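Have a look at this one before I ask anything.
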Amino acid sequence: MYLGRVIGRVVATHKLAGLKGVALQLVRPVDEHGESAGATVVACDTVGSGLGDLVHVCDGRESTYALPDPFVPVDATIVGHVEAFDYEGGSAGSAA
Amino acid sequence: MYLGRVIGRVVATHKLAGLKGVALQLVRPVDEHGESAGATVVACDTVGSGLGDLVHVCDGRESTYALPDPFVPVDATIVGHVEAFDYEGGSAGSAA
Amino acid sequence: MYLGRVIGRVVATHKLAGLKGVALQLVRPVDEHGESAGATVVACDTVGSGLGDLVHVCDGRESTYALPDPFVPVDATIVGHVEAFDYEGGSAGSAA
Amino acid sequence: MYLGRVIGRVVATHKLAGLKGVALQLVRPVDEHGESAGATVVACDTVGSGLGDLVHVCDGRESTYALPDPFVPVDATIVGHVEAFDYEGGSAGSAA
Amino acid sequence: MYLGRVIGRVVATHKLAGLKGVALQLVRPVDEHGESAGATVVACDTVGSGLGDLVHVCDGRESTYALPDPFVPVDATIVGHVEAFDYEGGSAGSAA
């Protein structure tokens, strides 16, 4: 899992019933300093996040366990809102 | 999952029954600015995409849930057409 | 799996019952020389690790087998404390 | 999945019954221009490929669905021979 | 899967019964020329390898199929000893 910041949303057409109504967000992975730490991903949103929110994202097959139907072609899901984190030399809240 | 643009198609010979008739597309991962964001992948196409289309792609085991037979050796599938997306500082449609 | 050093902790709000009470740590992957070897990850902690501990981390679906409930959206778990390791040209303990 | 070119073969000793008789090839990932696109992998061969062949390779758990026994520790398999592919600005056959 | 060379071993404390007695090795991924090809990994050893051995390593969920208990948080396993490999322009044995 990794920290990420919601930087946008995606509107897409799906043909699969299991993906109807699942919100998709653009998430930029960030490190403990809030700096960009990898390529932007498209993640399902199960916690109702919005632009600018600090979240943690789960990858892979196991990311579908956050969805009502786990047998869908999804490989990244926003699992939780990050309220705060501490690290060597500093700490940050979700507004960091 | 990630955004991608269809840049071509692949014609391949398979020996596995489960892969007959599954279209394969060359997809270039792109970021929110439409810039290339990683190595070109070969993805199954379940939504009837064509050259230049903006799509989102699912990786891994879970990508097979978009196919009629999920027990096939496939690790990337075009899951949906992206109609539009918003991001910090801009927005784009599928023709972006 | 890879070696990592615990560099902090994450406080997050989850909506999923299976993730309640699961501690989350910030872990920096390190190589055999203790040098940073990749982007910081958020990992579940099943061994009671603390700041500065040298651990080994498991990725992916299989990382959930260390948790009480394996059907949760988790893709990285601290599996063990590293007491020592030897490598070509040197060796190190967990305090290295 | 990705395009690759067979650049060699591997002779290895296995202790697992499920891997006996499974051919292993060295495959170099290539992009749509035939240029190297990543680190060389060791892949099982289910289509009888040979040196120089252009193939497409599947990664991960799902790659084992191409094998007689899917419960083997294998994470990359040559799934098909690429006969031809088209892309923006060009096209290529398997001899490209 | 990829080629790797055993460069050390790891001594770790586990709380999980399924990991007791499973040897852990430090493995450096190498390419067909024996050059380093990625970050050092911690892999389970099911073939009794030792320092300097050339091996091939399987990643991910499927790597646990080489272990007595496949429901363990393990994502990399040494699957076989590489005796020799041929590639375009050369060949090498395990002592290469």
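Order as written gives the chain letters A, B, C, D and E; numbering starts at 1 within each chain.
Everything below uses one rule, namely that a contact is a pair of C-beta atoms (placed from the backbone, for glycine too) under 8 Å apart; a residue touches a chain by one contact, two chains touch by 3 or more.
Keep in mind it's a predicted model, so treat the numbers as computed, not measured.
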Exercise. Turning chain B onto chain D with a C-alpha fit: angle in degrees, nearest 5?
Worked result: 70
Exercise. Just how far, in Å, is the C-alpha centre of chain E from the one of chain A?
Worked result: 32
Exercise. Counting in whole Å, what is the centre-to-centre distance of chain C and chain E, each centre being its mean C-alpha position?
Worked result: 20
For this session: Quick one: which residues in chain A touch 2 or more of the other chains?
Result: 60-61, 63-64
Exercise. In graph terms, nodes being chains and edges touches, is this line, ring, star, complete or other?
Worked result: ring
Seminar exercise, completed: When the ring is traversed from chain A toward chain B, the order is A, B, D, E, C
Exercise. Quick one: in the complex, what on chain A touches chain C?
Worked result: 1-3, 29, 31-32, 37-38, 46-47, 56, 58-66, 70, 77, 79-88, 91
Problem set entry | Parts of chain B lying in touch with chain D, wherever the complex brings them together | 7-16, 18-19, 24, 26, 39-43, 51, 60-61, 63-64, 71-76
